[in-house]
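Both complexes shown next keep subunit A, but they swap its partner, so subunit B is in the first and subunit C is in the second.
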Partner chain A sequence: MKQRLLLGLLLIIFFTGCYDRRELDDLAIVVGLGVDLADDGDILATVEIVNPQVLGNKSAGGGGEPVWVIESKGQTLFEAIRRMIHQSPNKLFFSHNQIIVIGEELANKDIFLVTDFLLRVEEPREDAYLIVAEGKAGDIIRAKIGIGSVPALAIEKMISSNWATSQAPMSQLIAFAKQTVAKAPGVVLGRIALRSEKEAEISFNGAAVLKRNKLVDWLTETEARGYLWIKDQVKGGTVVVKDTKYGGNISYEIAREKTVCRPKILQNGQMSIEIDIAVTSRFAGLTDSREIENPTAWSEYVLDLEEGVKREVRSVIDKAQTLQLDFLDFGALIKQYYPQIWQKKESNWDKEFPMLPVAIKVKAQINSVGMVKRSR
Partner chain B sequence: MWRAKKKKEEENKKEDSLLSTVSKNLEVLKEKLHNSSDCVFREFVIGDKVNAAMVYIDGLTDKKVIHDDVIRPLMFSYAAGELPRKSLLQHIEDGLLIASDIKEVNTFNDILGSILLGDAAVIVDGEKVAIIVSSKGFPIRSVTEPQTESVIRGPREGFTEAIRINTALLRRKIHDPDLVFENLEVGVRTKTSVVIAYVKDLAKEETVNEVRRRIKSIDIDGILDSGYIEQLIEDNPFSPFATTGYSEKPDVIAGRILEGRLAVFVDGSPIVLTIPMLFIENFQTAEDYYSRPFFISFVRLLRYLGFFISIIAPAFYVALTSFHQELLPTPLLISIAAASEGTPFPAVVEVGVMEVLFEILREAGLRMPRAIGQAVSIVGALVIGQATVSAGLVGEPLIIVIAITAITAFLVPTLYEAGTLLRIGFYLLAATFGLIGIGVGFLVVLVHLSSLHSYGVPFMSPIMPLEADSFQDVLIRSPLWTMKRRPRVFGDGIRQGENQKPVKERDMQ
Partner chain C sequence: MVLERINLAKKQIIYVAALFMLGPTFLIPPAQEIGSYGWIALTISYMGFLLLFSLYRALLNLAPDKSLFEILQLAFGRWLGLAFSLFYLFYFVFLLTLIVANFADFIDSVVLIHTPELVITIFLVATAAYAVRKGFESIARISDIILYTSVSIAFLVFLFLIDKISLDVFRPVWPSSWSPIFKSSLSVFAFPFGETVVFLSIFNQLGKPQKTMPSLLWGSLIAFISLQLVTVRNVATLGEFVKYSSYPSYDVARLVDIGNVISRAEILISINFLGMGYIKATTMYYSFCSGVAELFKLKSYKHLVLPVGVLVSLSSLLSFKTTIQNLYFIAEIYPYFVFVPQVIIIALAYIVLRVRGKKVG
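And now, the complex of A and B:
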């Protein structure tokens, strides 16, 4: 019996061995993927593959390009990617893909053509950033930004350090999938744009609003910030407020933020949404020579700051209500708190949403004037 | 062969008694010793009348004792004709031999047994009895610092090859009448003396009985080292993990005996066994208890980590680079890919070859004379470290992994053998199944470890079965004054008084 067991074990080890093994030097490591709609209606995929020999060999010094970009066409994304085998000596490896950029034209058509494949296949990672490009995605992938670095990794860094301004959603593939599965009426993805082709300048701010996987509109930086306030995702950034008393601008740095949204039934029986935002911030710049010392004097500034935040939030709500698209997902809130009422409202929500009253309450706090009392 | 010898011995027992004339006795002894060249048969006359002889083995005895304290008094104490004829033997024993330890024997076998241990036998005409005089004196290595367990703080003496000195070294640590040394003789030909040492009221009686029974049942021609005893009495002969502890340092043995274990000394071996053994003993060193607890606790955690790394690192490297590239951070993947670019073999082969190469180098350096050993290590460092990389045979990250493995493997020296076998096992599993193989292998090892027993004690205690109050000396070494109890598995017992935490008088600054 024991011998048979041993024999079995040996067989398992030596006859099943190395299934699914991939050697590192046989892999083409993909770090960025751009998907566009070709003129003939096919899918045009552009991938950015790193060249480890240039990147890893630090002593050799600038021999060759750090990345290699190839593109391929197909009726579906999968076909386009598989066809790249004709162009690449190594098998494309998508597990380190950091960004998925979707071209505007494709976004106008249906981004499901991209996301379904990426979610269904096991290789692409689900925490990759899913962003929409103004214009062609291929141009973004091709843009040589940064110095001697991998452009896709630079973009990834750009997105993940975006919290310092909080002006675009850091939308990941997995978050998109969750929203889609939860049947959110609208989805908000980060927006990327090529500012100047020659200088290879890229900007990541603002957002794209999608309705049933189709791009319907863009959000400006301010609207995107408003969206992030509502989603409790503001991690930092500046709020600039017009100084009512002395003229000029005061900028505040957001230190901490907490947002609670909940539905509330008004006295007349109407459903409404109440947004409570608590902000902690500090002075980050004044335009005149005032001396701000006494904390009790801060209260007037606090009111201004609260107004400033409110404006940002209001802007995105106005946008949503004009679009008649509940991409803020207030419907889900109502469903969560008042499931019975939601059942009645659900079918007619598209019509009701633009009229939904939204109360924004901001409680701001300023806790520091910074290192100087006065700088001139 | 040796079975035949055993049988013959039993037959001879009947006609074994001494004869009454010296010459005939000597004849028999010479025949039994086959006239071996190191045997000395010294015939002399007492008081000009009585023939006598002395038998000993040259080199095992202290010549000075034999000359001054045995032969001289026997030859010069009686003038001619003055012999107290009736009880000459008694008189020699009581008044002449200047030796503290003498005994009478009356068979050839007993004589042989004694002189082969280094005693001298005196035979007198007309007596069917021989007097054995203790005269052991052979060159022994002096007590030196042990090479395998060096310490920065703590006693530096180590055991030698002579069992008496070893037991004395232990006795010097524990001045307790309850410290018992039990003598056994093992080995049909070597007749090696084996001593079980324990403190009577600390060691569990059933453990002592069991160890004694197991040692007594050893039936082998020779015991050359305590390793023989270990392998012939251990609980789990097929496990890669040793379930018998050992040390070369008297203070370590004393510490373990005071926790309720027992020690087995074997003549001719400086390595003393301790029984039973726990897995966690591998991670404890003598110095842990001599230094203050904080840094040592950190070091002990390092040892656990080091052992884990040493068994898993190459396997992990293989699994990550050839199965689960998605688990590596992107920059790391890129640099590993850069290093392995252009290497001719898959990672699995590279790791296997380098691992084997390292073991070969280690073994070569170990057995070589020191001068050559150095050459081996230089060649090894150059070949492994540089040439393979610059020739593009393997990548640098792999060298780092192998180097880390090699260094961490020496963090826990007593687990080196088991660790190396496990490393190979994990490597094979990783090469075939990736991380899943490592995971399953790890479970199998855990189950195996939990199933082991060492002389009636669960090997993984106090981790499995869990004994929370014995945890003071497992992951960290808590302050001495918190270790009130002995480890539970060795029998309950308080080993210190209440409130041993140092207290400062109020007015002391």
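And now, the complex of A and C:
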């Protein structure tokens, strides 16, 4: 009996395996996905697949390109992706996909055509970056980047190291889903653009504003920074202020910041939003040295910086109010703090939002002059 | 008559009770449909459970040595008691089916997509059947390791997510309309808290109510706190998206990413689910088999285990096609149906015994 049992156990160990296993050499690992609208209204998907054999042993040489880009068309995104099997020897594997680029035309039509599939299917991850391309998404996926052998991974890095300028939102798919489900009137996604056809250089800056599922406008770098100030997502970057007194520019480097947004009822009973920004920064460049040791001049520097930040925040609020689209989600703030008042306002919010008074208070601190007091 | 004596330490009863209540709820947190108010529904339903608990305790104090089925026969007479007992057995096997279906559905739709559901179900049920045949003591013995790992995994995932958490979603704190909250509370009350009625059928095998009932209470407290942690974590991480996610805890763990080193923690959640669901399934399985044996005066429940396993595997395959149906059933139909065995029959039995003034056992 014991021997039979032992035999059975041995059989289990040696003669079984994972039912649904897929080995690395049977997978086409997708690292980037671009989705466009084809001319005939179909979905055109472009994927970037890494070639692990080339990536693994660079010294061996040969073996072709490190990445392979294929595209395919279908009535839905899923059909387009499944049809890629006609071109690829291996089945596409999406668990390592880092970026999802939406082409401008498709974003103009309906971005939900893409996001539903990505959220529903279990392979793609929700923390991939979801960004909108100015122009065709396929061109972005196909673009070569000077550094690193896998362009999609380079773009992913470009996005995640964007905190150093904080001029574009690091928008992930999950954040989009959260806002959409919460019925936010507008969503802001990062913008990626091809800078020149010849060099195939790309840049990730600014942002795309979507009215729920449709692209309505773009944000400039400054406006995107303003958006990030409001969302408390500025992690670094420079604020450049014109030096009115002495000429030239002063650049401040943002070290830390903390933003608190609260709705407030004004004395006349009107609803308003108050934005409090506390920013700590240091001098990063003075084109013209003022009397930096002089205490009165110092407070002017602080004021200049505060004005600079205020301008950035104001620019995005103006943009939102001219667009008549509350992509800053002030409505949700009012709902959080004054639920009763919000119930009355909710239906008419589109009309009320452009008139909403917004007070911006910036408290700046300059805590370092740098390694030198003066450079000339 | 006591079919079988089970020797368990107090601690083990606490762990089994806690895991039984947690069960699959770690994966599909209750009250997810009301999003950020989930914690309120959870608290209300736990209050309800405390009332239910005092009812159960009072009933067991009236008849300390009796099992649920004997109490039913004492209260309602032979035939009506038998009918109610059969109803309870049906409820047990039904709940077992539901859990197995839940399991297989999750594994089939998330982890092993191309594996036939039958294969998954057979292996799950076979493992459970093996444990049940070995007796309740062996089930209880693995409970502490499962509880420790599961709760610490839940807490660990919470810590890993600390930078992605936003507490703003909990504003406004009080809902504008309470009726959906109460409706969810009822469904949380039925699943998982009210399901502790199962323990009434095996507690007489475990010892005196003075020993078992406090353990049940402590177990429920552990379950409540852990569930609250999971609910708050999911809502704070996913925001309103939690309402539409099929497996919120799983989604939450997918978002874990600490410096590209600690990431893709979702498999931890699967381990959690398997461990806790296993305890729940085996407890239900054991209760059903020992209940049948007791009711039909069999010498042992052991030869019932395999046939029951086959029936459960098949009926779980036939029961639900998708998670949506499963969740709809749990939210919309199940709470009203199980209110009868969980509360009404027990309350009736208590009143009858009390009025008759019978002190039994």
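By our rule, the second predicted complex is superposed on the first by the 347 of 376 C-alpha atoms of A that agree within 3 Å, B and C clash if a C-alpha of one lies under 4 Å from a C-alpha of the other, contacts with A are read in each partner's own complex, and residues count from 1 in each chain.
Convention: a contact is a pair of C-beta atoms (placed from the backbone, for glycine too) under 8 Å apart; a residue touches a chain by one contact, two chains touch by 3 or more.
This one's a predicted model, so the numbers in the text were calculated from it and none came from an experiment.
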(request) Kindly classify A:Trp68 by the partners it touches after superposition: subunit B alone (first), subunit C alone (second), both, or neither? (result) neither
(message) If we overlay the two complexes on their shared chain A, which of subunit B and subunit C does A:Phe78 touch? Say first, second, both or neither.
(response) neither
(message) Just checking: does A:Trp218 make contact with subunit B only, subunit C only, both, or neither of them? Give me first, second, both or neither.
(response) neither
(message) Between subunit B and subunit C, whom does A:Phe93 touch in the aligned arrangement: first, second, both, or neither?
(response) first
(message) Looking at A:Ala177 after the superposition, I want to know if it touches subunit B, subunit C, both of them or none. Which is it: first, second, both, neither?
(response) second
(request) For A:Tyr337, select first, second, both or neither according to whether it touches subunit B, subunit C, the two together, or no partner. (result) second
(message) Under the stated touch criterion, which partner chain does A:Asp127 make contact with: subunit B (first), subunit C (second), both, or neither?
(response) second
(message) By the touch definition at the top of the document, which applies to A:Trp349: first (subunit B), second (subunit C), both, or neither?
(response) neither
(message) Tell me which touches more residues of subunit A here: subunit C or subunit B.
(response) B
(request) Jot down the residues of subunit A that show up as touching in both complexes, subunit B in one and subunit C in the other. (result) 20, 125
(request) Show which residues of subunit C lie in contact with subunit A when the two form their complex. (result) 109-110, 112-115, 119, 168, 171-172, 176, 238-241, 243-244, 251, 254-255, 257
(message) If we count contacts the way the header does, which residues on subunit A are in touch with subunit B in the complex?
(response) 12-14, 16-18, 20-25, 27, 29, 31, 50, 52-53, 55-57, 93, 95-96, 98, 123, 125, 153
(message) Quick check: in the complex, which residue numbers of subunit A touch subunit C?
(response) 19-20, 122, 125-127, 174, 177-178, 181-183, 335-337, 339-340, 343
(request) Could you please specify the touching residues of subunit B with respect to subunit A in the complex? (result) 321-323, 325-326, 330-331, 333-343, 346-348, 428-429, 431-434
